[in-house]
Amino acid sequence: MLVVMKPQASEDDIRRVCEKIESMGFRPHPIPGAQRTAIGITGNPGSLPPEEFEALPGVAEAIPVSKPYKLVSREVKAEDSRVRVGPPGRETVVGGPELAIIAGPCAVESREQVFLAAQRVRQAGARLFRGGAFKPRTSPYSFQGLGEEGLKLLAEVRQEFGLAIVSETIDPENCDLVEPYVDVLQIGARNMQNFSLLKRAGRARKPVLLKRGLSATLEEFLMAAEYILSEGNYNVILCERGVRTFTDHTRNTLDLSVIPAVKTLSHLPIIVDPSHGTGKRDKVLPMARAAVAAGADGLMIEVHPDADRAKSDGFQSLYPDQFEALMAEVRAIARVLGRTVGDN
Amino acid sequence: MLVVMKPQASEDDIRRVCEKIESMGFRPHPIPGAQRTAIGITGNPGSLPPEEFEALPGVAEAIPVSKPYKLVSREVKAEDSRVRVGPPGRETVVGGPELAIIAGPCAVESREQVFLAAQRVRQAGARLFRGGAFKPRTSPYSFQGLGEEGLKLLAEVRQEFGLAIVSETIDPENCDLVEPYVDVLQIGARNMQNFSLLKRAGRARKPVLLKRGLSATLEEFLMAAEYILSEGNYNVILCERGVRTFTDHTRNTLDLSVIPAVKTLSHLPIIVDPSHGTGKRDKVLPMARAAVAAGADGLMIEVHPDADRAKSDGFQSLYPDQFEALMAEVRAIARVLGRTVGDN
Amino acid sequence: MLVVMKPQASEDDIRRVCEKIESMGFRPHPIPGAQRTAIGITGNPGSLPPEEFEALPGVAEAIPVSKPYKLVSREVKAEDSRVRVGPPGRETVVGGPELAIIAGPCAVESREQVFLAAQRVRQAGARLFRGGAFKPRTSPYSFQGLGEEGLKLLAEVRQEFGLAIVSETIDPENCDLVEPYVDVLQIGARNMQNFSLLKRAGRARKPVLLKRGLSATLEEFLMAAEYILSEGNYNVILCERGVRTFTDHTRNTLDLSVIPAVKTLSHLPIIVDPSHGTGKRDKVLPMARAAVAAGADGLMIEVHPDADRAKSDGFQSLYPDQFEALMAEVRAIARVLGRTVGDN
Amino acid sequence: MLVVMKPQASEDDIRRVCEKIESMGFRPHPIPGAQRTAIGITGNPGSLPPEEFEALPGVAEAIPVSKPYKLVSREVKAEDSRVRVGPPGRETVVGGPELAIIAGPCAVESREQVFLAAQRVRQAGARLFRGGAFKPRTSPYSFQGLGEEGLKLLAEVRQEFGLAIVSETIDPENCDLVEPYVDVLQIGARNMQNFSLLKRAGRARKPVLLKRGLSATLEEFLMAAEYILSEGNYNVILCERGVRTFTDHTRNTLDLSVIPAVKTLSHLPIIVDPSHGTGKRDKVLPMARAAVAAGADGLMIEVHPDADRAKSDGFQSLYPDQFEALMAEVRAIARVLGRTVGDN
């Protein structure tokens, strides 16, 4: 059920609808739009009688929502969502005209490594820095990240370079540790349906970058985001990073058609990670261009100052020079679509 | 690295090798076999010099292990593992000549429901009872299970019917709650690479039923099991439950060829869940027969006393009568392979 | 549209309905059943008025067919089809209680090879012999088969061993050459949607073995068979041989659940090729057992007297001894399902 | 084996090498490059002694080719191939700086339809016109195309609008009929491994547009092209049109990463068909932009003057207005990559 308020509805009208919903034992989600506010209802086992809400002052109509997802849907919010990232005053907006460029190494390895990487990606125009401190690895014997030490290095990067920090959290308890250090909590592809983690992220006060699972349908992807929104955190950035198919010429198959498909169904911004999406350094640049041309709201790119000696995923990381070249080409493509890319 | 002891090696010899490994900062995993004990080493960043171990008394040889998985591999343990389930004295063995039949409803809904189901599946010869108290659901608005109340009902089922209990755990913290109530901790397909949960399950004192992820390769599946073993819990039962492909005539594609593939590479038992593997009631019986014919060590079957009114997955649950028919056919197939199925 | 005749309808009644259909410019397909005859209509652009047929003598009812396939569907013919293979008097029936076992080398290489193989598979109980004379190969530089010389050797095998011959045809023109030599025309997976070849096979006077395409849905598979039936050849045997998925532990993923799915929708027999379905010799036996347990009407198995030196697909061919062992196990599984396997 | 000539090698030197190859019973394929000519050898069962060729005048070196494909590979020809399409004097070049835009209806339905479509796509800048006269359809009861009548209409279109004609051929015999009418022979996805048709197309005197099969790996795709080249027709244009995966938000999954992958391995041009690649009208524009941004050499777009009433695939066809908008956006993206798109 979605309660759509009239354009002239007052704050009091909205509050009254929310109280009504709560009195029925459900949860109201007021979502302000450019023209009018809509209020999503979650927690109701089935459909509710529209009349009960349409009788309240300021209500335009009450619409039963047919899709399995509610809060992420365009039905609930027609305008594109803009997710504000970083400390007030130094915010970056994801989902606006400027593309969000997130760059940095796969894993945080050392101060020297992250500082070198941060300096170069900052210079090339990135506003967000990525680096894993907790790494979900297929093998228990692979490098699992520096842990909290890595988070501290990331905090230093923010301090030194003014970059917003994106880093992965791997379980609900770990989220308590990671959240204070970062600007965006990343949830990895293998955890896309880790519902305990999604719920915890829904109670976080930081935006969440949600990566698509390796075999997730679009509906499952949106429903995973819905978990986060349904807990009250509306600042979700979707990320396509390739799906698993029969093909073997790239590590995953980057499904760029999901971008226009998301844009049709949802108001959430979506970015693309061509580094994991291809798994091969020489495919990152053309697929970054393609992602932007398809309408992505940003890119997530692995950049390593010494890619050949990276502790993980080095073969798909760009050298800083390659990243600079990528930024130049992406900037030109973005311009065609009426969008911009930050410069140094 | 795998240290293989001589058949006549003493307990002292084995202890001495373990101490040597610990003194190097690594972790020893002594794995007794029918003929001889092998000691796996985990935690070492690269290969170790074999001579250091071959010089110790009782050591036959030290073999560098080429596969990415160690403890789950046949190289480390040539004999099939048998996982003992249930309280001492009333144990069921998974991986021995008798097939492990796990049956019950998708989700615990009420005492009446589980008691009715338990009575019927017990009568038909099942020794293990399944039922979800915590349900990972694609939608945050779907029934998420009865929680601890459900676990208590399952404990009553064990008490009343002597069935060992299999139930799902969904995150590390939840594991603390579930473990005392159940005989087998189940990890669902969507959590197969939830490494925090795998590590926690590796420290549990109950066996773990690990379901294959929807797009997991065999190597990833075995590596997920390796996470559990590497923490010290060697009682892992693998479960094939269908993978995601382009086909649409079943909900998932049951990949029965993974059974002989697992048997070649690993000593762990593997069972099959044709209920989720097909998602359609009328496909469960033929695929259950096929799974046993392919060499599965058991089956996991959804049975609901009132399948059409089930709160989840009713369309793939068998009626008790159908389950009895299934048991009769499976028993006959099992006999051809020199195996047995429990009777009432 | 399907015109169902009354049980007591005469030959004249049936003929009159057919003439009516032809006079409308469409094509009648009378399909005799145990109880009554049904007459399928093809060639009609849309739905026809049932009354026009129901007014004719002997007609029980005229049913608009909802599925995209007509002639292959159970709606048109409720009883399982039995396909008679081989010369009158020495026929083998596919789809009856006895399983059809087709065995032999991937490609015909020499008289010595096929005679040796034929002798052994005949001895083990196979009634049909396979061998490719025209091989569709991924590379233009791979061995493409002996051509007509190979067909002549196959004809000698039939003469000498009384085995019915199954061999592949690769295009419409080639069909003219192959048809006289063989008892069953095989259409390979890569040609499943070669509609020109399907139409030509539909005009052949020999039964057709149609292999499922690598990424064919069940509907596409049945529609490919429909092409053959719609041209007048109702003797079609379906063959599951594995589909292409992300998995890498077998060459293809054998989708055994397609067997019960076909049985629900269609009256056509379906067999399984575990040699191509797994691509690995040691997986053939367990998957052959599983296929029969799932309800397959037969098996197609690659057997080569000198598998390691085979010119194609040797790694998935069984040695004759292994084939004998397979037959013994399959025979025992078949017995459980009330079916038989020929003996020597 | 690949024989690389010295830059200064004479025509006589080249002829002598070819004669040598023929005298050994193999087939020479001289491939002129910007700097030097290379001569591929096909038909040889295994590797040949390099010395035999290196001793001949004008030979720089003889290199054993490691890849399964030879003539399509960059090893054989380093420069991008340019395929000349259309009658001499009015040629269009595919693979050069100008993108090849092929547009038109899925199927030829009437003179009015193709003339209307041709006028509009010509006006918008397309130089090639597509339209199927022989349609491979999943169902035998679907519209199969106008046949030769359709080809005649296409010939009129060429005459009237100066557009080069691209149309599909469905079997070797049909190729005899289609070839004289068209400028480019199209081979559809379902026929990508119809080796008889590939060989026939290899003997055609018109360029061939080869569509990637629904589950074809890159190697299989290139090997299919190799079939055509190995028969002497080097004018092959590859076309990505989406592959089959588990996703359901588009009809197929457009695999744009195959573009840079092809460019690395092969000298052949590759274009993209976003109409079939997405199967949805509103996804065609963004994916067309993305394809060009990824480096495609052209696009194939379904345009129908009355898309809603199209006899096949109307839901994925653009209206002429939408095609004009697409051309404008694609032109701007092309410019960023230093390429052009024809104007009206």
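Observations on the model:
Should a chain be cited, it is by its letter among A, B, C and D, assigned in written order, with residues numbered from 1 in that chain.
Please note the rule applied: a contact is a pair of C-beta atoms (placed from the backbone, for glycine too) under 8 Å apart; a residue touches a chain by one contact, two chains touch by 3 or more.
Since the structure is predicted, the reported quantities are computational estimates derived from the model, not experimental observations.
Common partners of subunit B and subunit C, by the touch rule above, are A, D.
Ranked by separation of Cα centres from subunit C, the top chain is A.
For the pair subunit A and subunit D, the distance between mean C-alpha positions equals 38 Å. One simple way to say how far apart two chains are is to compare their mean CA positions; for subunit C and subunit D this gives 35 Å. Work out the mean CA point of subunit A and of subunit C, and you get 50 Å between them.
The set of subunit D residues touching two or more other chains comprises 215, 244-246.
For subunit A in complex with subunit B, the residues that touch the partner chain are 42-44, 68-70, 136-141, 170-174, 190-191, 193-197, 199, 214-215, 219-220, 223, 226-227, 230, 244.
Against subunit D, in their complex, subunit A makes its touches with residues 215, 217-218, 243, 245-250, 253-261, 264, 277-278, 282-283, 286-287, 289-295, 329, 332-333, 336-337.
By the touch rule above, subunit B contacts subunit D in their complex via residues 244-246.
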